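Structures incoming, each one as structure tokens.
Across the two complexes that follow, chain A remains constant while its partner is chain B and subsequently chain C.
Here is the complex of A and B:
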């Protein structure tokens, strides 16, 4: 029997979160419907855990906050002060698409030259406890068309998959970080053997994941084909309805573009980093006024080509994991899945 | 491969080194050259010609500039007043503190240019980045063949580095200066840079052209150079894009899959032809 695959009862999950509290800052999906979000768990609210949906905001912000102070500069002396770093963090109930997204962020922040040290420190301290989708959360989910799947394990330290009868989760402890979680859960008496290899027919096999609602065909040569379509008139068509609101970037588990700026607070200048969006008109505008991407056509083309071609050229991965959030939340109905399908037909 | 660089506090490449303004030179009504030394008395870093520095003013912001010259314990950037940060920099005085991080980006191919004749073509503030290579080549004069500088600006007052153009360089290299419109104080050539370039008819034989200026000047110079027989491999330029991080992460300076801050700013025209037309 695989000693790193165990069974945990769903009724024991509040205890499982509580067992992590002495060693980690713990985050898990809590709240109802639209308010569902990765929430800091403490001994009081561990019972608010909600496993039936997917939070609108991916857990990306635990690694790459919406806004963070990188350093402070004393305006008189020029002395630099650094913010404190957070300690070990465990996030429970991450969906496979979001963990796949974090594997993409790792490329951007940790590879090809410089290491982004603020991201690297948080990444090192982060344990991902991934929950396979027993039901597909959104109408617009298409992760199984994008190299992942509802039970995908990429990026996961622990992968939890529902059993056939839905009463328990099969827990696969996949990495050193995952096995540290296993030790805590085992010590709390929360794990039992799966019995999966018993001579009798398996009592608690993990349920096979359901297929996604949105099925698209992603062409193997998509990156090269769509990059070659730089001058295609379709970019103007795709961008016609775009409002430039940035919602697509905000909800995306893989968007990582950021802005750096400085704010004067008393005698200290706070140098901060915050999320940015390539659809904003001032994103690439230079101080002299020149903008290499002056209209939403050029900006949208750059957005999709970055996700589907340029990132692939640089890191060998597509920068879309098929979570479907941007399709569901776009007020103007823009649809990256349609662009991916179109790219394949070129 | 992990890159390291001269700056960085607590190992963070986004945190600048505190530097002092040693000297400010007023080049033109809207260009000043800032000589910078680290607050601890050392050189902020030792860039190769064409590399970039991120210069910041606490509470105002930061932006990327080329390093135009360097000495034992200083680097210099020439900065045109165009926006909020550059306005604040122009208001700064000698002895003031600012932040510097870098060096960023690739550099002019100084070694593979050895033995070649060098033709520098600049317009306006576009002379600033190529000056780093002119000075580098002058320090190693025997390594390079003929050196010519063809430079123009709107008016005599707008010519940057007048001391180099009219005192230090004549004799050591060929200087060909032009202004867009004639004026009584100017006895030299009048006309746009591309037209002057065509008029000069440099032979492309064993010659590389290093080109920097406003996009419209680049476009017409490129046509002139091709007409003169220069291959695109022998035409080198340095690009400007909006940059925030300098380390290939923040996203905005990409042209296709290349980041100007990391893979550039120096490209041959042959390399630029491979990238999407979004400059």
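Here is the complex of A and C:
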């Protein structure tokens, strides 16, 4: 019997979140329809936990906020103030694709000799309680074509997988952070043994997840092939209908571009950073006005090549986890899965 | 005529226009790999005309793309419904297009599977070079019907009416909630056929008009500015709201501007009915009694 694999009843989930409250800021998916979002849970707020869908806005905001003040300078005194760090945070109900996305963000913000201290502090304090997809929530999901899957464990501290009858979750506590959660849940009497015999896999009561509906074949040589197609006329075709908005980047769990700026607010000069997007015309505009990516063709090519080639060259990973959000929400019907398939045929 | 028959007419006509060299391209709709979702596409060869589709989901505006950087040369063929034709009129009025460079294939519309089409009053195009079929007034594509266009909450300004029905404090909360959820992706701006500035004020953030910070206060600056900037040119197509990834009810903003203008003027107002009418917020009179300039 694996001591780090336990069973928790679905009906016990509100108690499981409550058990975390003394030690963590707790976030979980709550809200209906387009209001479904990772929401701060506290003892007072009654919430309807959502176990079926996943929020449109991925949990990356907990690590990489839409806007954050980096430091402020009092204009009169010159005193510099730094923002407070938020402390231990647990996020429940993250889907495997989004946890995989965070593992990608870690490369960009923590690796290759560059450590982003604001990100690092929040990452250190973050525990990811991942909920495997017992049903495929969206027709655009294609995580199992992108090296992950509906029950993928990458980036997870705790992985929760539904049992065969759907009444309970098998909880695998995978990391030190995960075992800290286990201790709190065990102390609250919420865990029981799975009854599975570790020697025979078949007795594991966790249900195998279904495959995604959208399946593509991602070529092993994709990064090199697609990078070599920099001048291919298809980029103009792909970008024809693109409106150049920020939707695809802002809903993406792995896009991480930001802008730095400063503003005078209430006697304080604030240096802040905020999300930016390579599909915007001002993103690549230089001082003096020259824009090396003058039209949407160059911008769209950059977004795809960053995801499918450049990031892979630098970190050995594709910067797309197949969550399908950009496909579902693009107002012009652009489809990164189609671009990945095309890249494989080159 | 069924949608299937209309689709065949479109494909045949597009292929013929391309084969003749009458147009360099046809802007229309294609099917995506997901049922119920079409996207705008550009057909350049007669044999590709079979990509074109026409059904209750051919919703995105084709006209938006005419103002794009691509149309500096060649004659563009465009499939246009009533809303697209109003957009073309607005773009012509604003000197964003040259009529001679367009070949407009008019497609009288049945109404699409989108509640924003329900109150549409201009299903037959207002400007075109040819109409492919006559409007069928009994047609009811995708659950829209002229019959209930004037029913409470379902009329021309249905989204604005939702907000007007609230008390004053609740209205404030309504918009604060919208701005708190907006992610400032600017899809609403970019999809809007009358948003045609070469450079938008929000992209000039060094000028200090619009902070790049994403928060309710700065989102509100954008939302209110957009509503006033396009309100009097809004053709009421609902694209802004359709493309909003956060599902925000922003069509109510421009509807409210039009509704208010009609009430103040005591006269009907609808943008894009022709290529000559002035938009009321853009109008000025050198003999104005107020010395404002």
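Following the convention adopted for this analysis, the second predicted complex is superposed on the first by the 332 of 346 C-alpha atoms of A that agree within 3 Å, B and C clash if a C-alpha of one lies under 4 Å from a C-alpha of the other, contacts with A are read in each partner's own complex, and residues count from 1 in each chain.
In this text, a contact is a pair of C-beta atoms (placed from the backbone, for glycine too) under 8 Å apart; a residue touches a chain by one contact, two chains touch by 3 or more.
Everything numeric in this text was worked out from a predicted model, so none of it was measured.
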| item | value |
| --- | --- |
| Chain B versus chain C as contact partner of A:313, first or second or both or neither | first |
| Chain B versus chain C as contact partner of A:109, first or second or both or neither | first |
| Contacts of A:183 with chain B and chain C, given as first, second, both or neither | neither |
| Greater residue coverage of chain A in the superposed arrangement, chain B or chain C | B |
| Partner chain(s) touched by A:263 [first = chain B, second = chain C, both, neither] | both |
| Which of chain B and chain C A:208 touches, first, second, both or neither | neither |
| Touching partner for A:228 - first (chain B), second (chain C), both, neither | neither |
| Touching partner for A:75 - first (chain B), second (chain C), both, neither | first |
| First (chain B), second (chain C), both or neither touched by A:86 | neither |
| Common ground on chain A, meaning residues reached by chain C in one complex and by chain B in the other | 259, 261, 263, 276 |
| Footprint of chain A on chain B - complex, ascending | 1-3, 9-15, 18, 39, 56-63, 82-86, 97, 99, 215, 240-242, 244-245, 247-257, 262, 276-279 |
| Chain C residues within the chain A interface of the complex | 30, 32-34, 37-42, 60, 64-65, 69-70, 181, 183-187, 189-191, 199, 203-205, 211-215, 242-243, 245-247 |
| Chain A - residues contacting chain C, complex | 33-35, 56-57, 66-67, 139-140, 214, 237, 240-241, 243-247, 250-251, 259, 261, 263, 272, 274-277, 280-282, 295, 329, 331-335, 338 |
| Complex contact set, residues of chain A against chain B | 70-71, 73-75, 78-80, 82, 108-109, 112-118, 227, 230, 256-264, 269, 271, 273, 276, 278, 283-288, 290, 292-293, 298, 302, 305-306, 309-311, 313-314 |
